[in-house]
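Both complexes shown next keep subunit A, but they swap its partner, so subunit B is in the first and subunit C is in the second.
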Partner chain A sequence: MAAAANFPLLIILILFLSSFMMPVLKRVKAVKWLSLSSILLCVVLSVLTLAYVQQNGAFLYKVGHFEAPWGNELKIGYLEAIMSIMFTSIAALITWASFFSADYEIKEKNIMLYYTLCGMLLASLLGILYSNDIFNCFVFIELSSIAACGIVVVKDKKENIKAGVKYLILSSLGSGLVLMGIAFLYSITGNLNIGFIHQELVKVKDLYHNTLIISLGLFTVGLGVKSAMFPVHIWLPDAHTYAPSSSSALLSSLVLKAYILLYIKIIYRVFGIEIVKTLPILEIVLVMGAVGMIFGSILALLQKDLKRMIAYSSVAQIGYIFFGIGLGNILGLMAAIFHIISHALTKSALFLIAGNIIERIHSKEISRLKGIGIEMPITLGVFVVCALSMVGIPLFAGFNSKWNFALAIIDSNRILFIAVLVASSLLNALYYLPIIINAYFGEENTKDRVYMSKEKSLGALLPILILAFAIIYLGISSNGIIDLIAKSVSNL
Partner chain B sequence: MNTLILFPVLFPITAAVAFNLITFKTRASRNIVTASVIIVNFLLVLLAFRFAAIPELQLVKTNSILDIYFKVDKLGILFSLLVSLLWICTAFYSFEYMKHEGREKSFFTFFTATLGVTLGIAFAGNLFTMYLFYEFLTLVTFPLVIHSGSEEAMQVGRKYLKYSFFGAALVLAGIALLYMSGSNFSFTGYGVINTVDVKSRGLLIFTYCLFFVGFGVKAAVVPLHAWLPSAMVAPTPVSSLLHAVAVVKVGIFALTRVTYYIFGAQVIKTIDSIYFVGPLVVFTILLGSILAYHQDNLKKRLAYSTISQLGYIILGLILLNRDSLTGALMHLVNHAVIKITLFFCVGAVMYMTGKKTIQEIKGIGKEMPITMGCFSIAAISLIGIPPTNGFVSKWYLALGGLHENRAIFVIILLTSALLTAAYLIPIIITAFFPGEDYRPSVSRRDPPANMLVPIVILTAVVVLLGLFPNLVLNFIKVIAVEVI
Partner chain C sequence: MKDALLREIGKVVIPFIQIFGIYIILNGHLSPGGGFSGGTILGVSLIMHKLIEEPYKSRIKISERAVMQFTCVSLILYGLLKGYSFITGGGEFELLDIPLGIPGRILSGGMLLPLNVAVGIIVCFTIYTFYTLFDKGEI
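After this line comes the complex of A and B, so read on.
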């Protein structure tokens, strides 16, 4: 199994190569299947990578002939291995779902482009995840930004272009800030390899206190913009609302998460938590996270458009994740990582469901969703699972997230923040449950609705059913995954 | 045969799922099936008591918190028997009553499911399992609350959800705080928290208050009571069963569990929590009675009365002596029986005549003598006049108050008894003594047997429990000895 060390690089290469082959292919169907099969292959490789990591521990992989710091390095530990399984498998599910919705949402001539961009996007996200070289990360960030903007504008409508441009500008701003952060680090350490930067930083941290604040601040804002941290989330609602549903699912469940994972790497690997704790940045992240948890939900509550509501809900959920990171303790980080997974599952399912509903009732308005539980019982059934998970009912993944956050809060002796957690979960209930209520109950809502009349085919529903199953599985038996996260956190 | 414990919980839920899938040909066939499911479930409850050798069952334990564990103890037996017996009465009553409400399929589906969930709470062996079923209870009772589907009902339903989830969230926060202090959460006689030092005292008070308010939402503690009167928009069987027995009593039951089986009476005494929660309880008792007095709608009047009576029970719980706990648990049983009778009578009047307010029912006692007769007996019992069961429980509550040398509580109890009389007696008077301008209608119209028989049986129980309270009383005294 020594060959397994090559798999991460292979995953990136497979995805890039397959996506560059797509424009050459003539038939849309071939493109679709190439896309799905390459991602499925990557799922298998990711699982093997995890098995390899479990056997041999975290490892550094040298790309090319030169040793670091001159050559490029990938670093694969538990965190990367778990996350790469999550990224590839969710991407596979979304791709499968897009087979059934792309024809409706995307113009025929753009479909090939869409799958090309998706492949590039996934490859660059995994690049960000694996790379142990901070400049290399930056390159992948830029690539992913372009691809992400691409899958927003691929629908080719006026509002898409507008949302895409907004996203592009803010996203470039974010990348620019990250680049400046890297520049500051480079100027005081003379290295770009994460391990080497850290070694140097430990030596010079007292000399360059302010530089460190500036640099970490730049990373925080830069990656914050890209991962929609409150209050720099302003691009997200538009982009998520107008993009095709499968793109929204990708953006919300994976793209945002890759930047957050990079942020975790920067805090724990580049700077090291001891150094970060001497800087005031984490406190700010904590507060921003808490504010996002509340305001994201309040904004979601005010929305009339289904996808926009789910998008604002993402802002709140990203708030949770930053909140966990901002707590600055191990439990907080574990809760954040667990929430990255549970939110990725829930949110991708929700966006796919939104896509199904919009396709069938030709409206995005929440007020038009009445009685839809009768017409699309399976889709709405999965929606109920997701909503209950978001609210934090036990036996669903969201409960475990919330529970872990509560423990982390208590562990860090900031008990008052429990109020934020409670308030936020209640707000979640306030905007998800009315949809369910109107979908299933109420005399006027359910009159003249025909059972199963608008449901999609079982094949199209398969991805959301798998996601629902995963949400329940994570809710009931989270031990295995928590253990893995604990290992990954201790090896960061 | 430990798995026997699981049957009473899962059987109704499975049956409910089946009801949803099967289409019954006639109303009668559905009624027969529903009745037999509920009666069989009662037998299953008995079976679980009789044959479960070690009455506990570890169902799932995936980590230290996600631990689904059932245990049957005396308190659980008391509550589950109460629930399953009253469920049978309500089932028969609803067969008739729901004819005019319609959508019986949905009603009986959730009605049956709620039985399973409530028994799940009764048999829960640790805090997490109870919390789990507590959340589920909200979800399965919600469709019952909004049964009519009207705009008003939907609004009330949303209110119900908001209140319930707020409560549950506080409970979860409480569990998290307890969890960090590292105790296990299985319900144990004298509580699982053993030591209180100066450092943890504040935290324990805070945690207890979280639990109190959290479960207090379902138990309609003022100021979180507002959902209960609103929920009267639901059909009468729902109001009677859920809002006199299942939902509100689950709140009380959960509070008992937390107070005596998690914290332990000794710890609660040490942290002086009565100074924090006592005022709320006093408010609940008095405000409930006073507001009840102002209601014209009969069901709303009974709802506010429920709030006040629940206050009695909680008062008994937090006084923390054997007599008060005996009184509280007695009243838990007695109030359930009394209030369900009152609701059934009012429902019968609504069903037969469509009259809902106190002005409309002038002389109804002449038209429906049996119904209103039963109403009068139950009302007298609620006021606390011997020889009815209400007297017994209030007697013990008063004794408990005196034990603590807190005569103030006895005074509150007496004041509230007077208020109870003030809001119930006028109904009886209007019903039987309509005044001179009343022209008697010719017909006698007591409701059909399906409704009347449960009412009469329950009224008989009210009197019998007053005359021979020992059967229940001895059992409850054993419980009290086990926890204090």
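After this line comes the complex of A and C, so read on.
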């Protein structure tokens, strides 16, 4: 098992190499299977990495022949191991689902490019997650922005290119701000390795109080733009609405989360929570998160387009995560990490369902979804599971994350925010439940609908069914994962 | 550009440009230069060829597929070599390494030479692709 220490690096290498093999291959089918099999291999390696971490604890991995301050490092702890399992397995499910939807949504000559970009995207996200070198993280951020813009514009339609350019400009702005934040840190510490930066920061924190505020502020806004924190989320609805549904699922469930995880790493590893608590930034993050929870839901309520509604719902859920980080206590961080997992499962399923529905009824409008529950009962059944999880009904993953958020709020003595949490949940119910009610009930809605007439094949439904089971599993027994998250948080 | 003078001079100059580019790539580990600068020069020679030969329906055409294949194979080569180096370094494996050779010779410097060649090919075709993309919108 000693070889398992090499697996994180191997995962990144396998994904990059396999994604560059794809343009050389001639047949689209071979490309699809290569993509899926490489991601599945990475799932296995991630699970083995978690097993290794459970045996030996968190470890640093030297990349190449040089020791840390000169060479690069990866740091793999519980957080990275859990998240890499989540990232790779959700990516595998989305890839499997895209086998059935890509032909409908993407032109044939672009399909190869799409899978190449997906592989690159996943590899760079895992790079952000693993790397213990902050500049290396920046390189992976740039790579992931290019790949993410690529999977938005891959559909090659007018509105896609508009959304893609908007995303490209805003996410370049975000990575520019991150780079400036890194430059400030480098100028006062002289290091790029996260561990060494922290050692130096502890020594010089009193000398450079304002520099630290500027630096952390730049990180907050930069990574906030990239992960769609509330007031700077404006690229997200367009990009998610017009991208192919499998790309939207990848963007919403994985891409946003990698930047948030990097933000967690910056707060807890680079600065250290003791230093961050002397700065006013976390309070701002808390308020932005709370405002995002409410306004994201209100904006979602106003939408007429299914995918746009789900996209605004993402803004609200990202608000929850930033809210948890902003609370600044261990429970808040745990709730945020748990919500990252539960939201990734739920939102990827929702986007895949939206893709299935749009493919069958050829319309994105919510008003056309009436009676769809009779025609596509399994798809809508999974939609119900996801919607109830989003609202926070017990037995579903969303309830556990909201429960943890509530505990964290009580722990931090800011009881008023419970009202925000409840209000946001009620708003979630307001925009998800009417869809479900109109889809199943109402005499006019269900008249002349043929049972199962528009359902997709079982193979195409498999990913969303697995996601639904995962949501219910997380809802019923979340203790194992909460324990792992607690271990990961205590070793940050 | 339909210009007989430019074309005739280009015929003479392009081979020298290419040889100079290859020289810079192959001596990247010994002297200033390397994959990136050499690749740029090689790419420029391709662009110049396209500029002056296009109106005359040149026999040598670089297809999109060829560009993709050359770039991807070089990327894979680079990834394999560098990945091998990373894994053997990080995992402390005592596997066989490319011999370092005598300093000053072309065949020395371990992996630097093949890595430079891979980078050179990638940069060469990327520069060429950029030019054609901005010129025509496709390769």
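The definition used in the following text is that the second predicted complex is superposed on the first by the 492 of 492 C-alpha atoms of A that agree within 3 Å, B and C clash if a C-alpha of one lies under 4 Å from a C-alpha of the other, contacts with A are read in each partner's own complex, and residues count from 1 in each chain.
Everything that follows uses one rule, which is that a contact is a pair of C-beta atoms (placed from the backbone, for glycine too) under 8 Å apart; a residue touches a chain by one contact, two chains touch by 3 or more.
As the structure is a prediction and not an experimental result, all values here were calculated from the model.
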item	value
Which superposed partner A:Phe20 touches (first subunit B, second subunit C, both, neither)	second
First (subunit B), second (subunit C), both or neither touched by A:Thr446	first
First (subunit B), second (subunit C), both or neither touched by A:Leu10	second
First, second, both or neither for A:Val422, with subunit B first and subunit C second	first
Chain touching more of subunit A, residue-wise (subunit B, subunit C)	B
Touched partner set for A:His65, first subunit B, second subunit C, both or neither	second
Partner chain(s) touched by A:Pro434 [first = subunit B, second = subunit C, both, neither]	first
Touching partner for A:Ile169 - first (subunit B), second (subunit C), both, neither	neither
Contacts of A:Ala51 with subunit B and subunit C, given as first, second, both or neither	neither
Subunit A positions touched by subunit B in one structure and by subunit C in the second	none
Residues of subunit C that touch subunit A when the two form their complex	68-69, 72-73, 75-76, 79-80, 83, 85-87, 89-91
Complex contacts: residues of subunit B adjacent to subunit A	60, 62-63, 65-66, 128, 131-132, 135, 139, 142-143, 146, 148-151, 154, 157-158, 161-162, 165-166, 169-170, 172-173, 176-177, 179-180
Touch list for subunit A against partner subunit B, complex	391-395, 400, 402-403, 406-407, 409-411, 415, 418, 421-422, 425-426, 429-430, 433-434, 437-438, 440-446, 476-479, 482
Contact footprint of subunit C on subunit A as seen in their complex	3, 5-6, 9-10, 13, 16-17, 20-21, 23-24, 61-66
